[in-house]
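You will see subunit A twice below: alongside subunit B first, and alongside subunit C after that.
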Partner chain A sequence: MSTAAAPLPAGRATDASMRGGIGQPAWANMLFVLPYIVVAIGLVVVPMVLGIWLSFQDYDMLGGWNGGVAFDNYVNLFGDRIFLGTIANTLLFVLMTTPAFVVIGLFLAITLNGHLRRHAVLRSVFFASSVLSVTVVTLIWRLVYLPDHGLLADITGLVGIHGIDPVTSPTWALPAIAVVTVWWIIGLPMTLFLAALQQIPPEIYEAAALDRASRWRTLVSITLPSICRTVVVVAVLEIILQFQLFGQALLITGGGPDNRSRPMVQYIYESGFRDLQLGYAAAASQVLFALMLVAALVQFSLGRQRGEA
Partner chain B sequence: MQDDSRPATGDRLILGAVVLLAVLWIAPIAWVVGLSFKPNEVLMRSTGGLIFPPFTLKNYTDILNSSAVFGWMLNSAIVAAGQMALTLVLASLAGYGFARTNFPGKAPLFVLTLGVLAVPEQAIIVPLHTMFSWLDLHNTYAALIAPRLAFPFGVLLMTQYFRAISPEIEEAALLDNASRLKIFFRIVLPLSIPAQATLGIYTFLHAWNDYFWPLVSATRPEMYTLTVGLASMQTNFAQTEGLGFLMAQAVFAGLPVLVLYLFFQRHIVAAVAGAPTR
Partner chain C sequence: MTLLKRIGRLGGLSLRGVSKRFGTLDIIRDLSLDIEDGEFAVFLGPSGCGKSTLLRMIAGLETLSGGEISLGGRRIDTIAPGERGVAMVFQNYALYPHMTVRQNMAFGLRNVGTPRDEIARKIDTASQILEISHLLDRKPGQLSGGQRQRVAIGRAIVKQPELFLFDEPLSNLDAALRSRTRIELARLHQRMQATMVFVTHDQVEAMTMATRIVVMNQGRIEQVGAPMEIYIRPATRFVASFIGSPPMNFLPVTPTGEGGGFAAVRLADGSVVNTAVPSASLSGAGVTALGVRAEHVIPGSGAPARVDVVERLGERTLVYAVTADGSTIVYDEPGHVAPAIGERVELAFDPSHALLFDANGITYHADPVA
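So, the complex of A and B:
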């Protein structure tokens, strides 16, 4: 499964939690939340701060700390063609997968939003692959992509196309990873869209049926406008998730050929845990985090404008 | 009249498209499962002929004979169970605190919790690794379990759940001068068992499938989790002599979670949708 966090209604939750308490305010009540807060500060806030500090240091896993280097790590990063390539690969991957997740997820949710047994069975089919670990998923797909014996080669061989080998193709390596990723976790957008569809009051559909509105018209005038907020949420969530591409690339292509499918997280992993340059890897992490925030904010504000227009 | 017949055709077309897509979705798994029962000699020649004999269980007995796999499975089970238990404790307490009690600083602490949701694992994995190195904790269960406990999803899920429970019983108990802790354990916690199940299964599954952190923290093979251990065995992929063995590995590692999914589907889907089960 991915590192997905289902989006919770953040704004509303904050307001409601302020009103929701019962009884008098008391310091003792803080003890309920204290254990979690301690864990969150110790294992997220402190590492965040430490990571920012590390990114300005010459810190080697074996050689230890060799003092501050100001912006050297960042300067070196942006002078490294491989790192710049990983940014391009990551952005390309996000552009390939996010629309696919939204479109296929929406299609599945709309067609499988029913109470019949076949709806339930098909929903289970599309969700099932997302419970598998990245190791199992990549193992399955490496076998599927095998040039001579793989399922893909067997199928294309039937129509006379031989020598299919996406994993070692500079052009097709990244799309091949994108296909695996969409196959793996299409269940997440589908589920989020289904949850949104079930919030639409059935009376609206009954009224549309009385007006003999066509299926297409119902979809365009009722269904899509009702869930446009969810479309934005899913798009933002997928952008954030797909920026984190790592295991699929590491285990299917190893980033190759010629770095054409190496994502940013793999670069962080390799510079930090293979080359042991922790300061440098920490700087790359900050760049990743900043890019993710920017991409999510851009998508969010675009979606909002469209929603209001 | 004509209008009524049109949707039926459309329905059938769309259903056909979805079924076709479903077949595409199942095909890789079905293919791997089928071939995992084939002898390697046959697979080296051809991977067609899925449903024809000969069949063999040798690929599976090979897995069972490589003792490392069971150690990794045990590690995964310990890590997943530990993470599940501790997440349930932390999330239930914090969820109750945020949903039902008042205390100074509640608003900023809740904002902090939401903020943690925005920090991806990848952004902090280097400093996190450094911290655990300083504490000399790598290659221990503590190191494998701890980092994910900070993930606030459970806290938010439980907050949402507790807030939806009617406050009247608690208010009556408060008037009787019962302590908050007593109210929590006697009244609220028993009511939250469905949400605990949802969060528990979801957390277990996440921990079981986790890859990045165990990969950097567990460097000694005997501390590998199943995901890391299996990945470490995939390195010599070019040699196809082990094709059947690799397929059996995929099935062996994937089947338990798929069975878990079949049993707890409702909980898993609810957790993914961000809604606690009632």
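So, the complex of A and C:
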């Protein structure tokens, strides 16, 4: 066919993209990421290295630096039954909340993944609590957990169960904080799951309908495999977030009764800012960091294996 | 092969008074159509004419606002998509991305409790027909567009449906692959003798594959007929303009009376064109336009025009000439040497192929050639 067009300037764009731009050296590209690198080094790398260094020091906020102590802080930590208890509490809390965030978040997302007005309204309602501060949330739930006239006591009283006081119960204090936490920030996993669900092409569901897939089969064979990466993201995100439990425990139970709801971050806070033992608190922080890293890596690795399978 | 023998032999499709409304918007209006067992029917029309909606209504993916759909004598519009006995190949294939090709093809069969060995046998047969046996353990992301398309067809075949539905399945393929797949689909239909409904806006796909074309416009059927019937004897001006490349030439005319029982019309420049349309068939209809395809315009003596554009397409050369009243006429240049741009030519029209249209777009044809 007799169509002709002016030739394009060949090669120029490719060469330019490999350098910093037309007439620019490659290091010029670095300028674009430099602000991020500076901030990351200043606010992440330096504090991290300092924290690790501090964990090997005898550093008292009043007495100042008293030299390196090698692994003494770590040895003392693992001899401290309260600290070991906080590890158990924190792990238990993560085990209680993370599956709840995944399961309830996914259930809400699937239920509210529609175009009707009621779906939009309910999505807003479930997300609304996420914007509240921890003080407001704990205040609300303190009222719910009030031993005699709280909402929980009123409800259990209707079925003849009296004297419910989860806040002061060694068994129920931590689950009570877990309930508060799930109620507070269930909106985030729900939103992440909603975003993932909306990425699934509707034709796939139509094909499944023509393939006579039941609702359950569609959920198990189509929906869940399609969003497995988001499930991993939510799980890792929640593991990292819930290992950092602090505000709710401090404001609802204060870590009690008998340290049964004291999380690691509260222990670190109290060691560093109440007892002023910065080196010791830094060592506890490194243990927390190691736990979070291992848990997140395990979850990430499991998720990736499942995704590849 | 059992798989092939049983496919599509259970009955034709019948649509009765089918309509679809979205709010106040009528998408499909009181549409009735019968598609015979073993037919390859193509719904052809421009974007937004309702052809895909109609296909989705047959599949059960859209509800009906009115009317009935039956397949093999059984009413299907009231039952779930999976129970209708139809299989659909989607425009974007809609393969399950996390499943292998084998799992994609097996999914529908597993859902109805088909025994494992039977599933394996059906997948083997279908994959051999479609030459995808070597792809069975790959996932859709590892396949090319053409391979995905074959898998989507394979997924439909293994279900042994009464009716195959294709929703513009070639539109995502490149030109060469589309052309090859057209031939393969036509071959597959001949081999399986299955009832197939294919939706497209591409007239070449319709003309090459269909046993019958259903031309749609604005939610209505304009014409149903065999490909060449639609090309040669379009029922309306819309069909005449939509089918054929280049599009049919339309020239404004006024009736001048008759000559020997056939209608004659006057062009805007005053020249008279005799047609083979029987005057009796017009019966007082106000003819407003003359329609002639490019291959039926004869350069020689006739209406004067000036050459505006010449298109050399290889197997043919198209000349676009502008008449005195500003109308453009495109014609096939029979010789290898096309006229120069600006050159004056005179154009006549083959009377036996000239069509007349009234103000409502109804076509008046010459009697069928004996």
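The working rule: the second predicted complex is superposed on the first by the 270 of 309 C-alpha atoms of A that agree within 3 Å, B and C clash if a C-alpha of one lies under 4 Å from a C-alpha of the other, contacts with A are read in each partner's own complex, and residues count from 1 in each chain.
Operating definition for what follows: a residue touches a chain if its C-beta (ideal position, glycine included) is under 8 Å from a C-beta of that chain, and two chains touch if they have at least 3 such contacts.
These numbers come from a predicted model, not from an experiment.
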> Is A:Leu95 in contact with subunit B, with subunit C, with both, or with neither (first, second, both, neither)?
Replying inline: neither
>> Once chain A of both complexes is superposed, is A:Ile161 in touch with subunit B (first), subunit C (second), both, or neither?
In response: neither
>> For A:Ile222 in the superposed arrangement: first (subunit B), second (subunit C), both or neither?
In response: second
> Of the two partner chains, subunit B (first) and subunit C (second), which one does A:Thr135 touch, if any: first, second, both, or neither?
Replying inline: first
> With the two structures laid over each other on chain A, which partner does A:Leu297 touch: subunit B (first), subunit C (second), both, or neither?
Replying inline: neither
>> With both complexes overlaid on chain A, does A:Arg212 touch subunit B (first), subunit C (second), both or neither?
In response: both
> When both complexes are superposed, which of subunit B and subunit C contacts more residues belonging to subunit A?
Replying inline: B
> Of the two partner chains, subunit B (first) and subunit C (second), which one does A:Glu203 touch, if any: first, second, both, or neither?
Replying inline: second
>> Quick check on my understanding: which residues of subunit A belong to both its subunit B contact set and its subunit C contact set?
In response: 1, 212
>> Which residues of subunit C touch subunit A once you look at their complex with the stated criterion?
In response: 59-61, 80-83, 86-88, 90-92, 94-99, 107-108, 111-112, 155, 159, 311-314
>> Help me check something: in the complex, which residues belonging to subunit A touch subunit C?
In response: 1-2, 201, 203-204, 206-214, 217, 221-222, 225-226, 228
> Which positions of subunit B touch subunit A when the two form their complex?
Replying inline: 3, 7, 10, 14-15, 17-19, 21-22, 25-29, 31-32, 43-44, 46-48, 89-91, 93-94, 96-107, 109-114, 116-131, 133, 146-147, 149-153, 155-157, 159-160, 163, 167, 170-171, 174, 180, 184, 205-206, 208-212, 215-216, 226-228, 230-231, 234, 237, 240, 243, 246-247, 249-250, 253-254, 257-258, 260-262, 265, 268-269, 271-275
> What residues on subunit A touch subunit B, complex-wise?
Replying inline: 1, 3-8, 10, 13-14, 16-18, 20-33, 35-37, 39-48, 50-51, 54, 59, 61, 108, 111-112, 118, 122, 124-136, 138-144, 146, 148-151, 154, 183, 186-188, 191-192, 194-195, 212, 215, 240, 243-244, 246-247, 251, 265, 268-269, 272-273, 278, 281-282, 285-286, 288-289, 292-293
